[in-house]
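In what follows, chain A forms one complex with chain B and a second complex with chain C.
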Partner chain A sequence: MKKWMQLALGILTGVGGFFDIGNLATSAQAGASFRFQLLWSLLLGTLLVIFLVEMSGRFAAVTRKALPDAIREHFGFSAWLAPFVVLTLVHFLVLASEIGGICFALHLVTGLPAAAWALPVAVLTWLFLWRSTFGTIENSTSLLGLLTLAFVVAAVRHHPPTGELLAGVLPSLPHHDPAKYWFIAVSILGSVLAPYLFYFYSSGAVEDEWDSSYVGVNRGIAFLGMGFGSLVALTAIVVAALVLAPRGIQVDDYHQAALMLTDAFPFWGFVLFAAAMAIACLGAALEVSLSMAYTTAQTFGWNWGEDLDPREDARFCLVYTGAILLSSLLILFGIDPLKLTLVTMAINAAVLPFVAIPFLLLMNDRKLLKEHANGWISNSIAAFLLVLSIVLAVVSIPLVIVGGS
Partner chain B sequence: MKEMDLVRDVLDKQVVDRDETKMGRVDGLLLEVRAGQPPRIDSIEMGFVVLARRLHPRLEEWLERLRRRFGVSSIRKTARYRVPWSAVKDVNPYCVQLDVAALDTPAFDWERWLRDHVVAHVPGVDS
Partner chain C sequence: MRNFFSLQSSVARGCGAILVFAALACQHKTPDQELLDKADPVGAWIATLQMAGEKWLANSVPTSFVKTTCEAADEDLDQAAGETAKSQAGPAVRDPLRQLISQARAAGKGLRRAAVANDRPGAAQEVRRLAGLRSGFAALKRRQEGAP
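Entry: the complex of A and B
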């Protein structure tokens, strides 16, 4: 029973890492521009991320080491340096996008410009990390994250056409704007297969002191946590398809996305959207900041742990402090949060091979994982993921240029 | 005697102190080559300068020069810290444990400095 309480880690990773600003933005765009036609991209991403997260949790449970820690140890500093730098840059961009999302949600309900919220939001996020323990963050984000179920309720209230929904499960060629179609498809994959997600999850498992006995529970958590995030993202596409597409609303600004819930919840829709957006982004901002600090501390062997007093792991705490402050400056200086998010998601997709390859190699190390090393199913998925990630890496940046504007 | 692969089992491993406080990683290993006798491990090295050397020897020179010119005196020595192999208490699959207290070593210079000069001044942290 106690082990199943760890579902909170799954939901935290699901809310924070899965359904975040990236998924919200790409889902709204996908639904508004291509109705259900891009559902396949989300489902493919979900399948892959369930496996990635399961592997990362299994790795941490068996070896009691988080990924950055183990990768530096096994491949050496020189080999880990490039993925580490890439991972840090991506963390930084994602963090800025999430902070932008919270600021925008606050702008929606207060009318004050998003940039004005940048510093207050940064301080709030930082204060949360500075003062609370890992368990508190896990549980409060999971609980508040249930608010994102508003998208599921809205989708059901709209009675989506089943035939068309099912047709979207299989990939098909677009009838218009092919560049935009593929750009969104890649951005969806980039937002689902976000590198920080499986890196964070392994450190989270170490924070929660998992051991080999968690291997089974981990499988369930990966499936349910990622499934939860995916369900919300999927219903967000459905709602956008049924609310925005018929009115010809394209999402080139978060303001348009904010109308998504107003049909299903006439009075509360607007506020509900803002609240769901704020909580999903806050969960993600906490997770990404921590993930950045975990990665840096483990790379250099510093003392780390969200449950320690900041005086015991000053360097760890100052990494997330600096990251939050710097990334909020991007928002303060008025970078368009939606553009930043979409480009960041494409970059996520582009860097995937860098950060996934060392991880997938380690999953096959029998000296390390013994009988828990990857079997043929996981390895088939891993091989597929590798090929896909290399394709994504090649096409994502050109697609930003042709389809991103 | 237990067999040990220096690169696989020691290099890049997490270093912890007596109380299992994480204090760095094995950034480098120094061997002593002795005439007529097999080489033996002299010490383990930690610090940014050591890491720089692993990337490129010139990088180490540059860093060393920069550090001498701009380094704050209280934290200058932290860039390279050598621990004699005799201080190694245990090498296990998780870490290399040293028979020292991290807080009293140069490996914690930055940690100590940041704690006293930055963290201590954050409102809400009681000293």
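Entry: the complex of A and C
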């Protein structure tokens, strides 16, 4: 019974916790600029993230080890150090994007500059982490994150054209702005396949004391939670395509995206958008901060655990404290949160091989995982992901230069 | 593992450079086309201001949102005006575009003023003006796309 409850809660948190600033920014841009033409990119990312999340949860449940911990043990500290540094820098940018998203949501509602909210938001995020347990963070922000379902309701209210929607599921070449099209496609993949997600999920499974009996629960959470979660991002594309694109509004600034829900909900749409943005970003900011602390602590072999008293894992707490403070400074100094988000999502895609390669090697280690090692389905997806991640690593940065301006 | 990562990053750098050059090489456009492509955000901001005004009139967005949106638009339109002035495009494209941007900035400022003063007829007038500018921008783009 307890496991069924965990499954239900896990699916809810998957739905509520999926959407973050990267999904919001890339979906709004995709729908506004290319209508339904980039749906395929989101669906591809979703399929891959389902498998990766399932694998990272399975790994943690069977070995009772989180991914960074296992990678360091298996491949050695020196081999893991370079990917760790690169991923930490990327996580830092993701955290700044999420904090920027919360600040912008507050700017929308209050009219005060987003930069003015940077430090209060940093303190709020830090306090949340300092005072809460892992369960509270995981469940409260994700349940509040169900507010993002407003995008699903809005999409249904707009009656999207089925034929065009289905056509968008298949990859097609753009009629205009090819560089921008591919830049957004890569950014969508980067936003869905965010590296922090896998480290957070596997560390969370260890925090929740999963064992081999949770393999089924993990599968349910990964497939249903992530699957339904991506529905929110998909409907954000649909809403942007039906509300912003016909008016000729492209999303070069969050003010433009903020109008997305006002047709479907004339009175509440604006507030719903700001609230959904703030909550989705707060949930993600907490996850990224924790993910950075987990990864660092596991890399250096420190004590770690959100449920421990800060006195027992002072260095773990110091990492998330420093990460939140430093990333909020980027927003305080006036960096455009949307541009930061879009570039960061493309960089997310560029560093995917650093995550995918050691991870997939571990998932095939039969000594570690025994009968739970990857089968042919997971390995086929893994092989595809590996090729895709290398292609993305090659193309994403040039696309930022050519298409991201 | 480390060797793999360093090999991969050099391959990535090489391929990246080729891709950038290829993409830039394929992007050969006339100055007129280049200017109009760069001006896409102008059309998007005009449409955004129009929608923000309409939604304010329908009580769907707060005054502070209209104010900050108009300010953000003005900043980008100012930048677009600078780029237009520096452009090598012919006067047939550059001059109407400069005029359009200048009118859009004026309409944005008017909308902001009207919203702050809670002047609904004034805001409605600016929204109509923005709708006209939006059509003007679309016509300019169509004319250029139809040109040889």
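Basically, the second predicted complex is superposed on the first by the 391 of 405 C-alpha atoms of A that agree within 3 Å, B and C clash if a C-alpha of one lies under 4 Å from a C-alpha of the other, contacts with A are read in each partner's own complex, and residues count from 1 in each chain.
Here is the rule we use: a contact is a pair of C-beta atoms (placed from the backbone, for glycine too) under 8 Å apart; a residue touches a chain by one contact, two chains touch by 3 or more.
Predicted model only: the values in this text are computed from it and were never measured.
Visitor: Look at where chain B and chain C land on chain A after superposing the complexes, then choose clash or fit.
Guide: Aligned on chain A, chain B and chain C fit with no clash.
Visitor: Is A:S213 touching anything from chain B or chain C once the two structures are fitted on A? First, second, both or neither.
Guide: Neither partner.
Visitor: Using the superposition on chain A described above, determine whether A:I357 touches chain B (first), chain C (second), both, or neither.
Guide: After superposition on chain A, A:I357 lies in contact with chain C alone.
Visitor: Quick one: is A:S172 in contact with chain B, with chain C, with both, or with neither? Answer first, second, both or neither.
Guide: After superposition on chain A, A:S172 lies in contact with neither partner.
Visitor: Rounding in steps of 10 degrees, give the angle chain B-chain A-chain C taken between C-alpha centres.
Guide: Approximately 130 degrees at the chain A centre.
Visitor: Considering only touches as defined above, state whether A:T136 meets chain B (first), chain C (second), both or neither.
Guide: A:T136: touches no partner chain.
Visitor: Once the structures are superposed on A, label A:P398 by its partner contacts, choosing first (chain B), second (chain C), both or neither.
Guide: In the superposition, A:P398 contacts chain C only.
Visitor: Touching A:S380, do we find chain B (first), chain C (second), both, or neither?
Guide: neither
Visitor: Of the two partners chain B and chain C, which one touches more residues belonging to chain A?
Guide: C
Visitor: Looking at A:S78 after the superposition, I want to know if it touches chain B, chain C, both of them or none. Which is it: first, second, both, neither?
Guide: A:S78 sits against chain B and chain C alike.
Visitor: What's the minimum Cα gap, in whole angstrom, linking chain B and chain C in the superposed view?
Guide: Between chain B and chain C, the minimum C-alpha distance equals 11 Å.
Visitor: Touching chain B and also chain C: which chain A residues?
Guide: Residues 78 of chain A touch both chain B and chain C.
Visitor: In their shared complex, at which residues does chain A touch chain B?
Guide: So the residues of chain A touching chain B come out as 64-65, 69, 72-74, 76-78, 81, 130-131, 297, 300-304, 310-315, 317-318.
Visitor: In the complex of these two chains, what residues of chain A are touching chain C?
Guide: For this pair, the touching residues of chain A are 75, 78-79, 82-83, 107-111, 179, 247-250, 252-253, 255-256, 258-259, 262, 266-267, 269-270, 350, 353-354, 357-358, 390, 393-395, 397-399, 401-402.
Visitor: Under the touch definition given earlier, write down the residues of chain B that touch chain A in their complex.
Guide: Chain B reaches chain A through residues 7, 11-15, 21-25, 27, 46, 51, 54-55, 94, 102, 110-111, 114-115, 118-120, 122, 124-125.
Visitor: Residues of chain C touching chain A in their complex?
Guide: Listed in rising order, the residues of chain C that touch chain A are 1-2, 4-5, 8, 11-12, 15-17, 19-20, 23-24, 27, 40-41, 43-44, 47-48, 50-52, 55, 58-62, 64-65, 67-69, 72-73, 76, 134, 138.
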